[in-house]
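When the chains are written out, they are named A, B, C, D, E and F in that same order, and each has its own residue count from 1.
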Amino acid sequence: MRLSTRNQLTGSVVSLAPGEAMAVVKVQLAGTDIVMTSAVTAESVDDLGIEVGKEVTLLVKSTEVALGVE
Amino acid sequence: MRLSTRNQLTGSVVSLAPGEAMAVVKVQLAGTDIVMTSAVTAESVDDLGIEVGKEVTLLVKSTEVALGVE
Amino acid sequence: MRLSTRNQLTGSVVSLAPGEAMAVVKVQLAGTDIVMTSAVTAESVDDLGIEVGKEVTLLVKSTEVALGVE
Amino acid sequence: MRLSTRNQLTGSVVSLAPGEAMAVVKVQLAGTDIVMTSAVTAESVDDLGIEVGKEVTLLVKSTEVALGVE
Amino acid sequence: MRLSTRNQLTGSVVSLAPGEAMAVVKVQLAGTDIVMTSAVTAESVDDLGIEVGKEVTLLVKSTEVALGVE
Amino acid sequence: MRLSTRNQLTGSVVSLAPGEAMAVVKVQLAGTDIVMTSAVTAESVDDLGIEVGKEVTLLVKSTEVALGVE
């Protein structure tokens, strides 16, 4: 499926902190030392078999990205 | 100011498509060929002096990051 | 690609109001008279060939869904 | 109160998974077999008396709806 | 309708910048000099009769609120 | 860092409900009796030393603010 979601970044899971309702997943972007954080439902983590080492795509709608300048 | 926002990625603006209310800004992440897209108010683009070549930080709250697996 | 995004609803595009930066797309859910509205970048509308009649999937992260009760 | 929120869908609660901070609520849209998922604060679930069988309205701002095409 | 949306702030519209797809509305919170900004669809602005001086409620889901500390 | 985020409101923390993955933080806006609610990762609460009485800034992107009218 092609997505309108402009930000699609691949990487692998480096940590997973599950809660009862939500889970926080950290992903290192492929070929970089950038680590991004995702908070998704605990259900979806189970559903997708998310675990440390798994290859994933991070998906971020452009309206959710703010900007900062020094 | 330190932020709760878990995803803070630096890069430089590579394109800017202003609309009347909103603007779409593309940013190449520093040291990578990854280009991310941000949709912010046209006002904030003027306010922050956003233009091609400008160094910026992309800010994404972890609850806004979904995951995909092949 | 399987997504953590819990809400994936199929339907067809019934209207498209493009702006310079963003576009507003209305989609009638398959087998219902429910019409949902999506605001995405104008770029993504072009990129995905979104037009009236096109079959699409609406994607909504569960953290973006609020609830109301009478 | 009339809302700018373009997506207002009615249905009834089919499951509720409370966590300490957040809760995940599943709602079957009226007259359909479509089940949507909402993640809201545990506080709001108590506040609104959300329980299985309760009639609710799902509220989704259009900027939070992405699109996919096959 | 009672909402799960934890942040409901009342005020009056002090400016309105309509675009083709979206519109940016500024609202001064009642009894304060705090001005908040909302970006909603241009359609909803027409639909709700939003204009300068109109009394409105600003609605923000708690998952959309980040924190900063000095 | 100057932010594109249009809504930056200062206040002090009045309550903190930590969960395993997420935490719900309530903040009273300075000089008002308005209390806002933020849901952020439990990690960020620790990272920023968020506790009752702490001065914080609430950050809300304008695209996350909906409007209601009576």
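Methods note: a contact is a pair of C-beta atoms (placed from the backbone, for glycine too) under 8 Å apart; a residue touches a chain by one contact, two chains touch by 3 or more.
Remember, predicted model here, so these are calculated numbers, not experimental data.
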item	value
Graph separation of chain B and chain E (steps between touching chains)	1
Set of chains whose contacts include both chain D and chain C	A, E
Contact-pair overlap exceeding half with B-E, pair selected from C-D, A-B or B-C	B-C
For chain B placed onto chain D, the superposition rotation in degrees, Cα atoms, nearest 5	180
For chain D paired with chain F, centre-to-centre distance based on mean C-alpha positions, whole Å	23
For chain A paired with chain E, centre-to-centre distance based on mean C-alpha positions, whole Å	29
Euclidean distance of C-alpha centroids - chain E vs chain F, Å	17
Multi-chain contact residues (two or more partners), chain D	1-6, 19-22, 24, 37-44, 48, 50, 57, 59, 61-64, 66-70
Pairwise chain contacts, counting only pairs that touch as defined	A-B, A-C, A-D, A-F, B-C, B-E, B-F, C-D, C-E, D-E, D-F, E-F
Chain B contact footprint on chain A (complex, rising order)	5-9, 24-25, 27, 29, 31-32, 34, 36-40, 44, 48-50, 54-70
Complex interface listing, chain A residues touching chain F	17-24, 37, 39, 42, 63-64, 66-70
Of all residues in chain D, those that touch chain E in their complex	1-6, 38-41, 43-45, 47-48, 50, 57, 59, 61-63
Contact set on chain F toward chain A in their complex	1-5, 19-22, 41-43, 59, 61, 63
